[in-house]
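Remarks on the structure that follows.
The letters A, B, C, D, E, F, G, H, I and J name the chains in turn, as written, and every chain counts its residues from 1.
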Amino acid sequence: MLFQVVMDVRIPHDVPAEKVELLRQAERERAQELQRQGIWRHLWRHAGRYANTSIFDVESPQALHDILSTLPLFPFMDIGVTPLCRHPSSIHGDDR
Amino acid sequence: MLFQVVMDVRIPHDVPAEKVELLRQAERERAQELQRQGIWRHLWRHAGRYANTSIFDVESPQALHDILSTLPLFPFMDIGVTPLCRHPSSIHGDDR
Amino acid sequence: MLFQVVMDVRIPHDVPAEKVELLRQAERERAQELQRQGIWRHLWRHAGRYANTSIFDVESPQALHDILSTLPLFPFMDIGVTPLCRHPSSIHGDDR
Amino acid sequence: MLFQVVMDVRIPHDVPAEKVELLRQAERERAQELQRQGIWRHLWRHAGRYANTSIFDVESPQALHDILSTLPLFPFMDIGVTPLCRHPSSIHGDDR
Amino acid sequence: MLFQVVMDVRIPHDVPAEKVELLRQAERERAQELQRQGIWRHLWRHAGRYANTSIFDVESPQALHDILSTLPLFPFMDIGVTPLCRHPSSIHGDDR
Amino acid sequence: MLFQVVMDVRIPHDVPAEKVELLRQAERERAQELQRQGIWRHLWRHAGRYANTSIFDVESPQALHDILSTLPLFPFMDIGVTPLCRHPSSIHGDDR
Amino acid sequence: MLFQVVMDVRIPHDVPAEKVELLRQAERERAQELQRQGIWRHLWRHAGRYANTSIFDVESPQALHDILSTLPLFPFMDIGVTPLCRHPSSIHGDDR
Amino acid sequence: MLFQVVMDVRIPHDVPAEKVELLRQAERERAQELQRQGIWRHLWRHAGRYANTSIFDVESPQALHDILSTLPLFPFMDIGVTPLCRHPSSIHGDDR
Amino acid sequence: MLFQVVMDVRIPHDVPAEKVELLRQAERERAQELQRQGIWRHLWRHAGRYANTSIFDVESPQALHDILSTLPLFPFMDIGVTPLCRHPSSIHGDDR
Amino acid sequence: MLFQVVMDVRIPHDVPAEKVELLRQAERERAQELQRQGIWRHLWRHAGRYANTSIFDVESPQALHDILSTLPLFPFMDIGVTPLCRHPSSIHGDDR
C-alpha cells in the first residue's frame, strides 16, 4: 500500500559538519537501497528547500514506521504521513 | 518539469446534485485525457478525504496554470502547488 | 491495520432539520453495522464538541476510504487520518 | 473516565545519548506498569513519527495530570489532552 | 471536576432575528439554571467579542457533554474544552 | 477588573536543575502571596500540561503587567491575556 | 485605560447593498461620536484592507465591551483585543 | 514607494455568472489602466491558483488603499500587503 | 506616513545577563531619541507580555527599515509591519 | 520561467559574529553575480524585517534549487517558493 511522506530536514547549526556529512551519506545509501527494493517508490526534492515528497510502497503502517524511524536523518526530520489509495479517475496501473 | 499539486475539493451543500454529478463526470474525463497525454503523471486519493495528490509533468508554470484553471471542479478546489526537482539520491529515471 | 480518524461534523444551519435527522439516523445505523463487523473498532465522542475520535481496523487505505467516503454525514465532515502501528511499549495484544 | 492524549516527543540533539537511553527505558517501564494497572488503556504509535495516541482511564483530571507530569520523557513532550465520553452510536461496552 | 470551556458564538446573518432572540433568551435561562445548580461555576464575557470563558464543575466528561450539547446556541458555537486540576500553588479551597 | 491569563511554561533542558528548582520555589511563594492579596483570584493547572489558566483581579492593565513581568518564571513563559467583563447571564456576584 | 482593538470587517455578499450602506453610515456616526468623547482615541485604516487598528481609552473592560458590541457593524467584524499599558521607554505623556 | 500585494480571489458560487464576468472585465480594464500609469508595476499569476503577486509603486499607503479598495473584485479578495524597500544587495536601478 | 509595528522580544536564556542589560539600555535610549524626533510616535506595552505596539511616522518604507534594523534588540525581535492610512471616519487631525 | 521566492533569515545568536559577517558578504557577492546574469531578476527587502521577496528567472525548478541551495545563507533561511506565470491582464512584456 502507498503512503505519501513529506520530510522537512532541519539540522541545528551546532551539529558538527563531519557528523552531518556522515549522516547524509548514510541517508543516501539507505534511500537508494530502499528504492532498489521497490519500497521507496518515488523521491522528489522540493525545489529551493531542504525537503522532499516521497511515495512508499509498504505492507503496513508498521513497515512504514520501521523504515522511516531508522533513517539516519530521522532525528532531524519533521515528517508528515498521508495514506493514499487508488483514485477512481486514475488510469495508471501502478498508482494503486 | 514536475509539480506536486494537492487538491482539496469543497462543494457547498446548496450546489444542485445534478450539477455536481455533471462536474464530477467532466472532471473525470478531463483527468483521464490528461493522463493519457502523459501530463497528469500520477493521481492518488487521500484515504478518507475528498482530496488528492497529483504529479503533473508540464513544460512550464504557465502550462500548469492553463490546465488546472480549466478543470471543471477548479472553482471548488483549494490547491497547493509545489515545484519538484530531481532528488540527488533518486535512482528512478522518471523521477526527473 | 489501524487508522485513527478524527471527524468534526459541521452542518450548515440551512440544511433542513428533517434531512439532518435522516442523515444522523443513517449514520448511526451504518456506524453500528461497521462496529459489529469489527471494522470500526473504537468510537469516542469529544466531550462538548460535535466530533469524535475513531479507530478503524481495515485491510488497506483503500478499504478505509471506501468506508469513510460513503458515510451518510461524510459531506459535512472535516476528517483527519493518522495511520497507527504497534507501540513497542504496548502490552495490549489488540493494540496491534 | 477516558482521556485521549497525543504525545509528540522532541529531544534536542545535545541531550547526551546515554541520558536519552535511560529516559526511554524508564519511560517504557512506567508505561507498561500503567498499562498493567488498566490506567493506560491504549497506546498506538503514529506511523513514521516519534509520537503516539494514548487512551487513559483515570478517576479525574487530577489523576491524569499526576500520571503524565511524572513520565520520564514529560519534559520533552508536547502533549494534547481531549476529554472523551461515550458516543451514542457506540456498541462497545468498554468505550465508556 | 472542573473544565474550562471557551465558547465563540458565530450566528450567520441569514438566521431570522426572531429565532436568534429566542435562542439567546433560552440560552440565558439555561445558563442561569446551571449556575444555580452549581454546575456552571464561572461565566465571563471576553471584552469586545461574542465569546466567553466558563468553568464547569461536573461529575464526568459525559456530564459535560450532555450539558454543552443541549445548550440552545450549541449549533452556532465553536467550543474549546480544557480539563483542569488543582494547581499545587493554589491556596483557594474551591479551585479544586 | 478581571483578566484571564494563560501561561505555558517552557524551560530549555540546559537550564541547570538547581536554578529551575529555585525559580519554581520563588514562583510558588510569589503566587501564594498574590493569592492572599486577592489579586491572583483563581489558579488552575491544565491537566497533563505544564500550563495554567489564571484569573487576575487588578486595578489596570498596568498593574497586571507589573505583576506578570516580575514573576520568577516570566522569562520562560508564553503568556496570553484576555480582558474579561461581566457576562449578562452571570448570577455570580464575584464574576464581575 | 487603553486597549488596542483590531477590527476585520467581512460582509457576506448577499447582505443587501442598502442595508450595508445604512450600517456603514451608522458606524461612521457612532465612531465619530466616540472620538469626540475621547473614548475612541485613535483610528487607522490598514492600507489595502477592510480593517483598522483602533486605540480605545475606557474605564474598564466592561466599558470597552459595551461600546464594541453595540457598533452597527459588530456582527460582521472579527475583533482582536490587546490590553495596553505604559511602556517604560515612552516619553509621550498621553501614551499612558 | 513599493508595496508587495498578494491577492487571493474567492467568489462564492452563488454570485450570478454574468455579474462575475462583468466584474472580471472591469477588473482587467482597471488593472491595465493602472499598469499604463506605472502604478501597478508588476502583476504575476500564481500558477494553478486564482491568486496573484503584484508590485505597486505609489506615493503613500493612502494612495495604495484608494487604489486597492476601489478594484472591482476587492469585495471578493483576501489581500496581504508588505511594504518593500531597496535591498542593499540589489543592483537593479528600478528595484527601489 | 504611518506604520504600525508590533515587536515581540525573545531573548534566549543563554545570552549573558550583562549583555542583555546593555542592549536594553541602548534600546531605551534609541527609542527615546526617536520619540523626541517625532519618528516613533506612539509606544505601548502589551500588558503581561514582552511585546509592544508602536506607531512610526517616517518618510518611506526605506526609512522605517533603516530605523528598525538598527535597533539594539532587533536581532531578538519578531516584527510585524502594517502600513496605515487615514480612516475616513477619523476626526483626529494627527491620525493621518 | 519565473518563481517568487520569499526568504526569512534567522541566524541563531551563538553563531560567531565573524562567521556571520563572512556569510553575509559571500551572500551579497553571489546575489549580485546572479543579478548580473539575469537570473535573480528582482530583489526587495521587507521593510523592518530580515527578509526579502525575490523573483528568479530560471530554466527549471532544478535550476532554481541548485541556485538557492548553494546560497551561503541557505542553512539559515526559511524559504517559500511560488511558481509564477503570466497574468492575462498584464501589459508588461517582461512579466512573462
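The definition used in the following text is that a residue touches a chain if its C-beta (ideal position, glycine included) is under 8 Å from a C-beta of that chain, and two chains touch if they have at least 3 such contacts.
These figures come from a predicted structure and were not determined experimentally.
Undergrad: Using the contact definition given at the top, which chains are in touch with both chain B and chain G?
TA: In this structure, the chains that contact chain G and also chain B are H.
Undergrad: I want to confirm something about chain B and chain C. Since they are copies of the same sequence, is their interface symmetric in residue numbering (over half shared, so same) or not (under half, so different)?
TA: Mostly different residues.
Undergrad: Cα superposition of chain E onto chain J: how big is the rotation, rounded to the nearest 5°?
TA: 180
Undergrad: So how far apart, in whole Å, are chain B and chain I when each is placed at the average of its C-alpha atoms?
TA: One centre to the other, that is 45 Å.
Undergrad: CA centre of chain A versus CA centre of chain G: separation in Å?
TA: 50
Undergrad: Rounded to a whole Å, what is the gap between the Cα centroids of chain B and chain J?
TA: Spacing between the chain centres: roughly 28 Å.
Undergrad: Hey, what residues on chain A touch two or more of the other chains?
TA: 2-3, 14, 45-48, 61-62, 64-65, 81-86
Undergrad: Chain pairs that touch, all of them, please.
TA: Pairs flagged as touching, ordered by label: A-B, A-C, A-D, A-J, B-C, B-H, B-J, C-D, C-E, D-E, D-F, E-F, E-G, F-G, F-I, G-H, G-I, H-I, H-J, I-J.
Undergrad: Tell me, which parts of chain B touch chain C in their complex?
TA: 11, 13-14, 45-50
Undergrad: Taking the complex as given, what residues does chain F use to touch chain G?
TA: Contact set of chain F toward chain G: 1-3, 60-62, 64-65, 81-86.
Undergrad: Using the touch rule from the top, collect the residues of chain G that touch chain E in their complex.
TA: 3, 5, 12, 14-15, 61-62, 64-65, 68-69, 75-76, 79, 81
Undergrad: What does chain I use to touch chain G in their complex?
TA: Touch list, chain I to chain G: 2, 4, 27-28, 31-32, 35-36, 41-48, 52-53, 55, 82-92, 95.
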